[in-house]
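The two complexes that follow have chain A in common; it is paired with chain B in the first and with chain C in the second.
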Partner chain A sequence: MDTKIKIKSTNLNVFYGEKQALFDINLDINQNEVTALIGPSGCGKSTFIRCINRMNDVIDICKIQGEIEMDGKNIYAPNTDVVSLREKVGMVFQKPNPFPKSIYDNVCYGPKIHGIAETKDDLDQIVENSLKKAALWNEVKDRLQEPGTSLSGGQQQRLCIARAISVNPEVILMDEPCSALDPIATAKIEELIDELKTTFTIIIVTHSMSQAVRVSQKTGFFHLGKLIEVGTTEKIFKNPTNNMTQDYITGRFG
Partner chain B sequence: MTDDTHIVKSYGEELQFLNDSLIQMGSLTESLLADSMNAIIILDKDAVARIVESDKKINEYRAKIDSQIMTLLVKRAPMAIDLRFAITSLRISQDFERIGDLAKGNAKKMLPLPQNLPQDLLSSLKRLGNVVDAQLNKSLDAYIKKSKDIAIEVIRLDTSVNEHTFLAIKEVLAYLSKDPKNLEYATNLLFVAKNLERAGDHIRRVAENIYYFVEGDYYKKS
Partner chain C sequence: MTKEQRLQKRYSAEKRFKWYGIISICMALLFVALLVTKVLSEGTSAFVKSTIEIKLNFDQTALNLPEKPTTEDLNAIDFYSFAIDQILKTYPTSNRDEEKELIKLFTTDFEFEVKDFFLANTNLLNQTVSFKITASSDLDQLHKGNYAKNISEDRRKISNYQLKIYDHFIQNNKITKVFNVYFFTNGDSRNPEIAGIGGAMLGSFFSILVCLIISFPIALLAAVYLEEFAPKNKFTDFIEININNLAAVPSIVFGLLGLGILLNVFELPRSTSLVGGITLALMTLPRIIIPCRASLKAVPPSIREAALAVGASKVQSVIHHVVPLAMPGTLSGTIIGLAQALGETAPLLLIGMVAFVVQVPANPLDPSASLPIQVYLWSESAERGFVEKTSATIMILLGFLIIMNSIAVYARQKFEKKWI
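For the complex of A and B:
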């Protein structure tokens, strides 16, 4: 299978007021792959993935230079429809954050506001499919009207993944999706990520080296706002080129 | 490995400890090989018991290093250079153990030998032994310094080991052709030469692993 570049960041610079958070980021994200972003706290990983669905737009002091292309189109071009961009690029956060609504409503919320589903039957179908894809259906199919917050942490995170999937995105951004989960819940999410990549392009920020190795095909190492090294995950973790990468992944600096 | 800058101090210490264990094991192997070679040349049959004991110690090192590495893998999930260090150290300790076995085997081969072996034969075996000794010594040097250049020198010494093996075997065959009664002795001496050649192969593998550790890629003859 030929790898196709889904997202291309070219000379991306990001500022929060005076402070520059990202410096000349050039990074290609392959379609139907998992790309892991690693690096010490504050190095700009979240800033980078938030550029991809233009979440940084809502931060007044945030200025962005350079380009991010998705399928060859600059998402920062003036005529970009940000609402439809966010439909295409879903996001899952560190802490599971289900709405204070039923499991069912959590999943159908997106399709409703984006006008994807017309009838109740359509919605039912989307809810079922999304929960199945998120590997949660069997656990919740008999309790769809219970509040999302009644689920365990790992189930809540899979609910959030189902919610992200429900609007048929092309890309899913995950910002440390397992950091609040126990090892078993983490293992389930990781397995899920592996399945999801056949349908979606995934970018995951993680603090766990072994998680990056388990789930991703490509890894980028950020340090102080710069992309220090990017390569196949195998290369990065067996034999990185850059000494800083090596020091970070072997635990020689934090 | 000596630049212990790990944030988790005990992790750095564990790597250092593994490094030290392997150096000790290698040094022991080196003296065992020299001891066994020397004993053959001067036909010191009393040395056999001592050599068998040393070999046991080398086997113990191997077991100890195995478990150190196992613990390291589960406890630290080493990455990159640390991962390569753990894996190559595991392989190197296996090669050291095999070299010890071969040296011990050689020592045992001298038990039936007569006192009056021809000088030419002995000196050709001795030269072969010296080349292999020097090769092992160099490989230990490469390990201590983590030097890919020294590792390459060790790999290249393989040709020299093979040449000396060929010459030693020629001498053994000449000795055999003098008198068919020499057959049993000659067979033993052939084993000695062949075992030294095989020890050389293990030493080459040690060096190849050191190269892999340093470069993250396998050595290719250029």
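For the complex of A and C:
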């Protein structure tokens, strides 16, 4: 298959104040693939994916050196508009964080502020499509006006996915999206991720090796702020070249 | 010491500590109970007033009216002489002094009471009706049992002759107590029987309104800026410390500020609720900024991230999500700040809101008093009739404070969002 590189990070160094969190990260993310990032806690996985939608801008002490290119354009170039970048790069967080508003309002917020929908009907359509894509429509179609926070944890996370895809992003970042969920909800989300990759490019941080194997095509292993090894998921899990990777995936540390 | 002894000692220490707590709570409750009983026992009687029933004979000739009276004729009636004539019929007097003493048992405003009554009921022409005229404060106090009768005449406000008239009225069932509307509608007066807190209530209302209009938006914006946008540096810390200091500055200092700047430099009108409101706003600002910041801080960061992640700008995430979610806290903080401002006296004294104002203010540019100032003014007054009015005003003021604080608590509980 012809794979196109969607995101390319070159010599990315990230500092929190004096402390360096990422060291010279060079990583290519393929379009319409799921890339899994694994590694022990505190190794910088979240820091890395938060660089891709410039979520780290919010943190005062965070300094970034190097480049991240998306479709060949450096997103840290001075003329980049962060808002339109985040419109293209959606994010799903570790803990489901729906707005304390209705299910409908949760999904329509993005399209509304970006002026994607012209009419109320358009908006209804977007909400429906997004919820369908997030495999939540059947469960909530009769109670769109109920608060998003009244849903179960797994449903809330799918609502957050629906909210992320409501603005038609090209990339979706997921930071341990299943760590707060039970196995059944996790299975649903994994199924969903598999489907979503036909439309979106997905980067998922996960602590579960089996999840990485199930959903991803490419895997990167981080350790202490360095990208130790990256390759197809099959290769990383069957035949890692680095000893540390070997140790981590076999559960000898982490 | 054995293990048992130590155990015993610990148990008794805990018991002692519990009792200290209970005693302190009882003390606090005792003080509250004292305050409430004093205010209630003194103040409730101010909500009723004594009236004297008299016969009014609206005789055409007595009123000096032509056959078909026009509005002008009606307005030209000399109600003073008419009312005096009617009053003198209530008790047989033998000389001018006795007449004067009789008239003094009625409110000084009797003329206007009769006038208002007749002009509202002109169909009563040539009829005789009984009408309740407000009694003078002295008779009112006597009737309410606040004057001792068994002391020598020269130390009494009511003469022996007046006592005789009073007894006569009582025997004929002429004196009745009615609800005191004047207390709520009238402005201040030298005569306790017609003095009311209408002016003070409106004055308080206008100043609190001005205070709200000025302080709430400024405080909210300041809090939002400090909490969401300000860079975390020394200068921001410095501002933060000073806001906390400002909230602790004694209120009279803000009065001096209002006097020095609003009155002397900007020459705004003295004694008005506009100036009072601005002065109170200066005082209230830091007291609102602090709870506003606290409630903004309580909005979980995950909400901000959620908004930013779908491409909301920083301002959008704040206006669409953070501020509305912080609203219950900001509103209750504001209401509590306003309640404090409502009870504030010292700064208003300095900007001249302590003036004696008879006219009920129609807008914030009219001179006016405020409720706590009215309490202060009346508590200074020697007249016995003002004592109950002072306590009644305190009751009204406390009532407003309780209502405002309850709304604040209710707003917070009702609209508070529960996060997962």
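Throughout what follows, the second predicted complex is superposed on the first by the 253 of 254 C-alpha atoms of A that agree within 3 Å, B and C clash if a C-alpha of one lies under 4 Å from a C-alpha of the other, contacts with A are read in each partner's own complex, and residues count from 1 in each chain.
The rule is simple: contacts are C-beta pairs under 8 Å (C-beta built on N, C-alpha and C of every residue); 3 or more make two chains touch, one makes a residue touch a chain.
Please read all numbers here as calculations on a predicted model, not as lab measurements.
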Should A:Lys188 be classified as contacting the first partner (chain B), the second (chain C), both, or neither? neither
Considering only the touch criterion stated at the top, classify A:Lys45 as touching first (chain B), second (chain C), both, or neither. neither
In the overlay, answer first, second, both or neither for which of chain B and chain C A:Asn53 touches. second
Classify the contacts of A:Gly90 with the two partner chains as first (chain B alone), second (chain C alone), both, or neither. second
Would you check which partner chain A:Lys218 touches, where first means chain B only, second means chain C only, and both and neither mean what they say? neither
Which partner does A:Thr149 contact after superposing on A: first (chain B), second (chain C), both, neither? second
First (chain B), second (chain C), both or neither: which does A:Phe237 touch? first
Of chain B and chain C, which one touches more of chain A's residues? C
Using the touch definition from the top, say if A:Lys6 reaches chain B (first), chain C (second), both or neither. neither
Could you list which residues of chain A make contact with chain B in one structure and with chain C in the other? none
Please give the residue numbers of chain C that touch chain A in the complex, ascending. 231-232, 300, 302-313, 316, 320-321, 325, 417-420
Quick check: in the complex, which residue numbers of chain A touch chain C? 53, 55, 58, 60, 83-84, 86-87, 90-91, 93, 95-100, 109-110, 113-114, 149, 153, 156, 160, 163-164, 166-167
What part of chain B is in contact with chain A in the complex they form? 5-8, 11, 77-84, 216-217
Note: in the complex, chain A contacts chain B through residues 209-210, 236-240, 245-247, 249-254
